[in-house]
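There are structures below to look over.
In the two complexes that follow, chain A is the common piece, with chain B as its partner first and chain C second.
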Partner chain A sequence: MAQVELNKVVKKYGAYEALHEVDMRVENGEFVVLVGPSGCGKSTLLRMIAGLEAISSGAISIGGRVVNDIRPKERDIAMVFQSYALYPHMTVRKNMSFALKLASVPQPEIDAAVERAASILGLGELLDRRPKQLSGGQRQRVAMGRAIVRNPQVFLFDEPLSNLDAKLRVQMRAEIRELHQRLGATTVYVTHDQIEAMTMADKIVVMRQGYIEQIGHPLELYDRPANLFVAGFIGSPAMNFIEGETSAASPQSFVAKDGTSITLPAGSAALDGRRVILAIRPEDLAVVGDGTPDAFAGKVVGVETTGPESVILLETCGTRVSLVLRERASLGVGQTVLLRADPAKLHFFESDDHGRRIIM
Partner chain B sequence: MTSRNISPGLWFILPTMLLLATLIIYPMLSTVELSLTDSSGAFAGMRNFNVAISAPSTRLILFNTAYYVIGSVVFQLLLGILAGILLNQQFAGRSVVRSLMLIPWVVPGIVAAMTWAWMFHTDYGIINYMLMQLGIISEPVGWLTDPDTVMPALIAVNAWKMFPFVAVMVLAGLQSVPDELYEAVRVDGASFWHEIWHIMLPQLQPVLVSVTLLLTIWALDGITIIYSITGGGPANRSMIFPIQIYVQAFEYFEFNRAAAMAVLYFLFIAVIIVLYMRMFAAQDKD
Partner chain C sequence: MQDRRRTLVISLPVALLVLVAVFPFLWMAVSAFKPLAQLYTIPPRWLPDPPTLVNFKTVLFESNIPRYFVNSLIISIGSTSLALIFAIFAAYGFARFDFRGRSAALAFVLIGQLLPTATVIVPLYIVLNYLGLINTYLGLILVYLILTLPLSVWMLTGYFRGIPKELEDAAIIDGASHLGVLFRISLPLVSPGIIAVALYSFVATWNEFVFALSFATEKEMKTLPIGLAEFSTEFDTDWGAVMAASFVMTLPIALIFLVMQRMFVSGLMSGATKG
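Now for the complex of A and B:
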């Protein structure tokens, strides 16, 4: 068990800088998820922790030891790859025992470790098969088994579930969580799927274009996104953004591009007469009846039903917004409805490139 | 069966089959016929075969053939795998080295053979010259005239000639190995040697099985190098079966005896290849 610390870590591929002075800390036993869009540098960061990529500058330490110049095998880490990277010509048993064999662990100990891992992961029946003879989910499990057997200080996962179908993904998500609770090992997990991040992480690290945008507990990121990017990235359907200006008059209100006015909660003094972006999650918007105070009109342009809930797409405030109803929608496309935003759930962001959260 | 019931695939391969029949099957049958007759065309039964088998040189020639084939294939594989693995690593000037390595393979066999014959020459060859200069030998070695060195020398030439082919195949095979496999094995604690042994070689196995078969066949009918360098000498010490057949037929004009030897050699090769395929097929299922 160990903590992982990144100190101003930079990665350059030639002139191209893929990671810019990244600082990050993974506590002992913590499950940290790196999440971000494709190409943001998640894999690069993970591979630098593993020792598969050189560090251009800065320092990475594992368990208090700087590992910049230490080879992967001496870092005491185990990695689960996106393609699983099982050794195709070896049986499941050999795949799982390979690292211990290389480390000259005595055979009885190897057997015990493999048996234990196999029973944890339900691989007992499959030990004498080759990877080719396994399903995707089983391969995934073997890949995890191979990691567990070594009892490493740190587990690294690079999008381990992205090759599985949706149902299996949900199941493996829970299994990996459970495994983590059981082993308590420090874990860094890469995904581009924010739902995976939300459901699995003790702490999420949101990345974009080689920068860390925000680090925090999943709900913290959900409730208080630090900027427009995180706000838009975390949560599904994505948060609604409405451009407009705040008025200095009292009671304060927000006026969207198309003139729609939304009343602001008392004490929004920080917003006096500024161009801002108002953000609201789809579940914090409601369809209301005539005569409700602070309501504004919207035109339905689409209805998506998932069963338990419906996502309504609307045109209002000069943009498109979505709204989640926890019921079957009886709304039709083209209909005009009244909406109300929960004043306590409004977020405001600067309307510049950084889109920082405006704290009130 | 009407023509409609015949699989359309059959029509597609028919022209090729006809061509093969004329170019391969007819000569084969004709060889068998030659082997069973005498020079006047009368039926001779097994006489030609008896003469061929009981010739005093047959044993030596068989031994030489096996020696040449096994020696060539082993060194071609060793050199080729080594070169393929090295050329798969990142280093400056890699593409230049890769192209240069192909030279032995693209040089026409006869040119390579004559060049090596001169290099091995006892009195004027550069090999003896260099070894003497370096003080490794004190007097010239008759590489191609000494019965003990002639086969190793010829095997060296053959290995040199064909190893680039193996290297190219190995290189192609290695490029289809996913990077993640190397990374996984590195994280698992492997050294470069382990990577070769536990990842590269197993991944190359199917390629190597086919390449070995090809090399064996080529070595079995590899006339060019030996015939143009030593002609089978000295005293049959580098004589191999295909050359013996050639010599019998086109130097002694013993066509019937040569045909009998060709039939025997054909059976010999067929047995080797069938055994090899059996082994290969068994491994594949495994």
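Now for the complex of A and C:
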């Protein structure tokens, strides 16, 4: 087992810089999820850890050893690819034993390792099939089997579930977590699905355009996003953003650009009359009855019901916001309702390009 | 009704095509078993009556054809093997490695193919003569590379490009070297391409005439296509023997196609990825 450390790692493709001085640390046995929109450099980062891409500058170390110039096979890592990348001309058994065979492991040991991995993943029946005779989920399992037979120090996953249907994805999510708990190997897992990140990670690394935006425990990212990007990326439905100003004269209120006033928690003096962006999670907004203090009006423009909960889309404060109701909604489109934002659950961000969180 | 009409629309041209393609071959096969007198009758006789093996006797026991057959075999197999070895490495390089001037080089490979054969005969003769390779197996084997290598490289490059990059990445992670990836993963997966290239190269060299005529002038070195011409003398052509010799010459090609046809496995790649 080993920790993985990235120190000012840069990746350049010609003149284009895909990763800018990335610093990151994965502790021994930790399950870290790299998440971010398409093209942000997640795969590139993972492939650099694997040794499939050269490092332009900086250092990557695995288990305390700098691996910049060390070939993939000597890094003691295993990788599961998005497309599974099973060798089509080999049976499942051969696929899984390929690495051990190349490493000249004695045949009885190979057989034992393959049997063990197959029983963990429930592949026993399939060992003599070719990849084309397997379903998508089974292929996915074989790809994981190929990784675990080697008993590597570090597991790398690049969007392993993105080709599966929704139900299977949820099931495999749990299986991968379980496997991690069982094997305890250090894991770096790439996904663009923030729900996958939230449910699986010990630690999430949010990336955008080659920069790391925030690193932290899933709930830490959820409760205290470091900037507007993370705030908008983590959580579904996404966090609501309302542009407006605070006034130095009355520090207790925030005025949105359409004039709607929202009451702030006591001690909001840190905002001292600046233009800011107020943010609130959809579940921290509530529909309230007439006469509730601090309420403001909104017009319903859409209702989406998933069964256990309903997402209400509203127009208010000069923008569109969403609100999650835990009960069946009896609201109709076009109706005007009163809303209240939980003052303790408000977030504030600078209204500049960086959109940093304002700490109060 | 619709279906039957569509079947007709498709099968009629196909039948026509097969007829045009197969008729000369059939005529050759049938003529090879005819006695001399029946070859010239008007109207033509379709079937030999009675069939005779005299033409084959002439070809197999009274001519140089067996020797030429062996020559052709050595030269075609030699040059096909050599072309395959070169083409595999060249094509893999073109398909997988990003180096300066790659596309220019790939285009340049084909330019050789565009030159008319006649333009290279004299320069080649001078070079081969200088190297002492006129009238040797090696001489023709090397010359035939000029003929077959460009297209072989192009075809195989396409096949190699069709292999998902992630497969090779996975093999590298599993601990394979670059050569290991080529031989254990990529090569087995392009075997339909290898078979196609081998067939193409074998057929092209087996039938080649102009180079063989120019560079293999001695009796011991001649190949089958040249040998066929020996049945024509100044005054007379022994058509029966020509047909029998052609039959002998066609046989290996037909056999190879029959055997290989089953090896053109389609969908060898399926299962590698999600699809």
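We take it that the second predicted complex is superposed on the first by the 357 of 360 C-alpha atoms of A that agree within 3 Å, B and C clash if a C-alpha of one lies under 4 Å from a C-alpha of the other, contacts with A are read in each partner's own complex, and residues count from 1 in each chain.
Just so we're on the same page, a contact is a pair of C-beta atoms (placed from the backbone, for glycine too) under 8 Å apart; a residue touches a chain by one contact, two chains touch by 3 or more.
It should be emphasised that the depicted structure is a prediction, and the values quoted were computed from it without experimental measurement.
With chain A as the common reference for superposition, the partners chain B and chain C occupy clashing space.
In the superposition on chain A, A:R274 makes contact with neither chain B nor chain C. In the superposed model, A:N163 lies in contact with chain C only, and not with chain B.
Applying the stated contact rule after C-alpha superposition, one finds that A:H354 touches neither chain B nor chain C.
Residue contacts after overlaying the shared chain place A:L52 against chain B and chain C alike. Put chain B and chain C next to each other and count what each touches on chain A; the higher total goes to C.
When the shared chain is aligned, chain C comes close enough to touch A:G136, but chain B does not.
In the superposition on chain A, A:F98 makes contact with both chain B and chain C. Where the contact sets of chain A with chain B and with chain C meet, they give residues 47, 50-52, 72-73, 77-79, 81-83, 85-89, 98-99, 102-103, 146, 150. Chain A makes touch with chain B in their complex at residues 47, 50-52, 71-73, 77-79, 81-83, 85-89, 98-99, 102-103, 146, 150. Against chain A, in their complex, chain C makes its touches with residues 164, 166-167, 169-176, 180, 185, 188-189, 267-274.
Residues of chain A touching chain C in their complex: 47, 50-52, 72-73, 77-79, 81-89, 98-99, 102-103, 130-134, 136, 139, 146, 150, 163. Residue ranges on chain B touching chain A, taken from their complex, read 178, 180-181, 183-190, 194, 198-199, 202-203, 205.
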